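You will see two complexes here that share chain A, one where it goes with chain B and one where it goes with chain C.
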Partner chain A sequence: MPIYVDVSRCVGCRSCEVACQRVHSVTGHIRVGIQDDLASVPLVCHHCQEPTCAMACYSGALIHEGERTSFDLNKCTGCGLCTLACPFGIIHVQKVAQKCDLCSGREAPACVTTCPAQALSMMTYEEATTRLRSLAAAVVVRGGRA
Partner chain B sequence: MPRSVPTICPYCGAGCGFYVNVEKGRATNIEYMADHPASEGALCSKANASLEVLYHPDRLLHPVKRSGDQLTRISWDEALEAAARGLAGTLRRFGPDAIGILSSSKCSNEENYLIQKLARLLGTRNVDNCARLCHAPSVVGLNRSLGAAGMTNPFADLANSRCIFVIGSNLAENHPVMSRWIHKARSKGAIVIVADPRRTPTSWMADHFLQLRPGTDVALINAMASVAIEQGLIDRQFLDLWTCGYQELKSSVKDCTPSWAEGITGVPAEDIVSAAQAYAASPASSILYSMGITQHTTGTDNVQALANLALICGQIGREGTGLLPLRGQNNVQGACDMGALAEFYPGYRRADDPSSIEHFRQAWSASDLPVGRGLTATEMIDAAADGRIRAMYIVGEDPVNSEPHGGHTITALESLDLLVVQDIFMTATASHADLVLPAAAWAEKEGTYTSTERRVQWSCRAVDPPGEARTDLQIVCSLGKRLGLPLDYPDASAVLAEINRLVPAYQGITRDRLGPGGLIWPCPSVNHPGTPILHSSGFKTADGRATLLPVHYRPPAEKPSERFPFTLTTGRIALHHNAGSMTRRSPSLMQRAPNLFVEINPADAARLQIEDGDDVEVSTARGRTRAAARTTGRVSRGVVFMPFHFPGTNILTPDARDSQAGIPEFKVAACNISRSD
Partner chain C sequence: MIALDASRCLGCAACSNVCPNAFITLEQGEERTIRFNRCSEECHLCVEFCPAKALSLVPETEETSITFPLVKCPSCKACYATRPMLDRVLSAVPSHLQIDAYGTGWVEICPSCRQDLERDRLSRQVIQRRCRIEMR
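This part shows the complex of A and B:
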């Protein structure tokens, strides 16, 4: 299940970055972009249904596997093609590709658990869209106020 | 097999818990505490990085003595003997008033209790903690208005609020977990009002954002009260039953019209009206505030103005309502509860009331205890400068970086006959000390901490302190014994048992009852479940009524002038904490927030030919500091902002203080800013 990002809740505290870095010891795989001091956006792997990074990866390090794009460190050559292929600018190379593994082995990814504002959550596509619909309905009831 | 040891976060006052994983005696990582009532497992960046501090190579490992510029390693025996001899000598030659003791809102309740007991058994009234620099006006103002100074409602109750008014608090950065509770309320339709001189991530959550000029809070709040009264949005029944002084209050805010307030605050009158309507008319409204309210010469007035607003609208004592002061440090609430304050003995027993003195004299089997209010933290620095205080014992505080007018603080500490500093790092203050005693950090000791929710939680010891470092409890007890004082406690539980006997609100908070989530005071007996919501059946005053105390707008102490045309305001950022001795040693935080910066409006910057990232000099009447310019619409024209986590900011801040609570006006200084080349 990928990580669902609710941009309207993110407060730009960067706790997810530090948590990810802590769990993966070298470098983090999530980054928070702060836009003109008006909003912030956590940038994290979408685990795309048709991942272009995996298509570009000639060594087979990045592979689409069920609901996620997995990464095999031993196969990565550090060529950086995935960086160019990712349409969201998320994957980057620091010796090898730095790629979200959804914290396999943990109950939930560290960034999701640690997020103080609950801007990150684990949801299926159906859960996420249902939630958005109910929020939109609540806005209508409140006279258009978000 | 790794052990998971439950601890309480050493940073802000939110009181989040987390586990420290221990393998072979070493903390290897942290793990979230999913069922924690304040955080539901969430942690901010600082807590995630906390182990970096625990194992930092700068940790103090053994006692150190300074002679001239020379630092010499000494044994604990020599260190304690030198500290005891120095304090006893000062006592003999200059009397108890020549000794000043700073306790620590980073230390546990038990340690704070012992430090104030040590001070008072020594005969000195001068004991205080850094609550003086953050919520002293809440202690004074709320005690006076409501009869109790704590946060009235717990975090989780915010989900029941229909309107949340945040003023002078950038909680999204400084207490990030609070944004979780605000979002919960918002998604149920609550209206959020944020009043702040800066556009912050907290204001991103706001339906109404009121960008007021620094130091004009009373004008804004009084105008909101005036709107509520004019429009009949007050709670008559509540006023009649539970308050006194309404007529005086009403006449005091009669002329505080929204257009009058617009002239002072810069907030459009119609925005003040709609915010007031939203707050007063909602079925349950809460107020969250922090240092933006308290760190002013009008700090106590600001707090009382907020209490007045809440009282006239009847927004207190129920679910979803209340006044929620957000405390800055993990145990600033507890340090105050334990009486590490110039004007209070434990349990807020007044130091100038002979009956409290008699109570503790008997309880401590002391022949005599000092009567009356002592010097506050800031007053101790003044007294050190002019020779009234000759010796200071500072535990876990860094006044050189945290007190205003830093240059003055250094001169004052240098002029002492004896300065003993107890800390985990060689802070700026410790580098001026004659004796430095190495202390244990949070995960290396056990005891209780009281969060801003009044939640008392037990934090366990996960690992041993490094080198020869000892817990503050051990150090204070051994120092006390060398001074001939009866301070003999085997562990924190033994001290807590004494606190249970002497502090009524903590009576039922015994060691064996403190499980996950702790207990919220007042908890007067061992069967009592704790009291999450205060004032639900009247107030803790003589007649059970709260007092409406009229306050009038007064401008801040410093106004912009030709020489210093800008208004400097200060505060915290998400990746650092207070004086920064811990977070500035945390690589993953420093990597993200490496240096001191100053925010300036792009229009002002353009006029001064300052570009983003330029090295600039900020100066006030007290001194000058260099910082990197950050041009941003977060601040209005004429206002600049600096975080106070780096040495430099508090060189600039003013000495001016609130006359009632003694807090310095960190939030308003007249300054100039220019390119440094």
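This part shows the complex of A and C:
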């Protein structure tokens, strides 16, 4: 189940970055960027339904299973093909690929449980698309205003 | 000793990354040079991990090196990948996924500019709404 990001709720406190670094030691997999001093946007692996990183990975370190793209540290060679194959530029390589594993072994990812503004939540693809559809419908009801 | 099939090499430097003894070194600037120095070990890691199967271990050969010009990102001009690596990504990813929902061919721009684009798109609606609230 991927992480759903509600940009309008994010306050840019970077608690998610700290939580991620705490769990994964040293390198975090989520990055909060500030856009024009007006909005903060947490960028994290989308766990795409058709993961291009896993298509490019030749060693079998990145594999799409169920609703997530899992990463096997022991198989990674650090070649960087996944970095070039990520449409969102989110995977980076420091000796080995650094990628969100949805905190396997924990009940919920640390970033989601830490976020004080509830900007991050766990949702299935269906829940996320239903939510986006109802948000878009609400815009239409308001006469096209965002 | 390590023998290299230059026509197969992608220039990804996975070999230099896995080499436990730093026999394979990497120099990078506008070009990327991978040097294969004299190697007396028989660990086979570089041969095993090469994505292009370009390496083999042979008893006697000269020290070799290979140089790739790096592709420049059209927007930030950073040198970010070798051409064979991008070609490999293009051949692995089906064509309908090579162009995103906004019609951008993302493979040809660098990962950091892809992040900037994604951040810009995700925040556009929020920023519009916030600007409108300020103007009231």
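Following the convention adopted for this analysis, the second predicted complex is superposed on the first by the 128 of 146 C-alpha atoms of A that agree within 3 Å, B and C clash if a C-alpha of one lies under 4 Å from a C-alpha of the other, contacts with A are read in each partner's own complex, and residues count from 1 in each chain.
What we mean here is this: a contact is a pair of C-beta atoms (placed from the backbone, for glycine too) under 8 Å apart; a residue touches a chain by one contact, two chains touch by 3 or more.
In this text, all values refer to a predicted model and were calculated from it rather than measured experimentally.
Peer 1: With both structures lined up on chain A, is it a clash or a fit for chain B and chain C?
Peer 2: Here the two partners, once superposed via chain A, fit next to each other without clashing.
Peer 1: Check the residue A:Val11 against both partner chains and state whether it touches chain B (first), chain C (second), both, or neither.
Peer 2: first
Peer 1: Figure out whether A:Thr77 sits in contact with chain B (first) or chain C (second), or with both, or with neither.
Peer 2: The second partner, chain C, only.
Peer 1: Looking at the overlay, what does A:Ala39 touch: chain B (first), chain C (second), both, or neither?
Peer 2: A:Ala39: touches chain B and chain C.
Peer 1: For A:Cys86, decide between first (touching chain B), second (touching chain C), both and neither.
Peer 2: second
Peer 1: Where does A:Arg22 make contact in the superposed view: on chain B (first), on chain C (second), on both, or on neither?
Peer 2: In the superposed model, A:Arg22 contacts chain B only, not chain C.
Peer 1: After the superposition, just quote the angle formed at chain A by chain B and chain C, using C-alpha centres and rounding to the nearest 10°.
Peer 2: It works out to roughly 120 degrees.
Peer 1: Which holds for A:Ser121: it touches chain B only (first), chain C only (second), both, or neither?
Peer 2: neither
Peer 1: Check whether chain B or chain C contacts more residues of chain A in the superposed model.
Peer 2: More residues of chain A are touched by C.
Peer 1: Closest pair of CA atoms, one in chain B and one in chain C, after superposing: how far apart in Å?
Peer 2: Superposed model gives a least chain B-chain C C-alpha distance of 5 Å.
Peer 1: State which residues of chain A lie in both footprints, the one left by chain B and the one left by chain C.
Peer 2: Comparing the two interfaces on chain A, one with chain B and one with chain C, the shared residues are 36, 38-39, 145.
Peer 1: With touch defined as at the start, can you tell me which chain A residues reach chain B in the complex?
Peer 2: 9, 11-15, 17-19, 21-22, 36-40, 110, 113-118, 135, 138, 141-142, 145
Peer 1: Can you tell me which positions in chain A touch chain C when the two form their complex?
Peer 2: Going through chain A, the ones touching chain C are 5, 7-8, 31, 33, 35-36, 38-39, 41, 43, 50, 52, 55-56, 58-59, 77-81, 83-92, 95, 145-146.
Peer 1: Please name which positions on chain C make contact with chain A in the complex.
Peer 2: 10, 12-14, 17-18, 49, 51, 80-81, 85-86, 88-89, 92-94, 97, 100, 106-107, 110-116, 118-120, 122-123, 125-132
Peer 1: Within their complex, state which residues of chain B touch chain A.
Peer 2: Answer in residue numbers: 29-30, 32, 34, 39, 41-45, 48-49, 172-173, 176-180, 183, 187, 189, 191, 199, 201-202, 204-205, 207, 574-575, 588-589, 592, 632-634.
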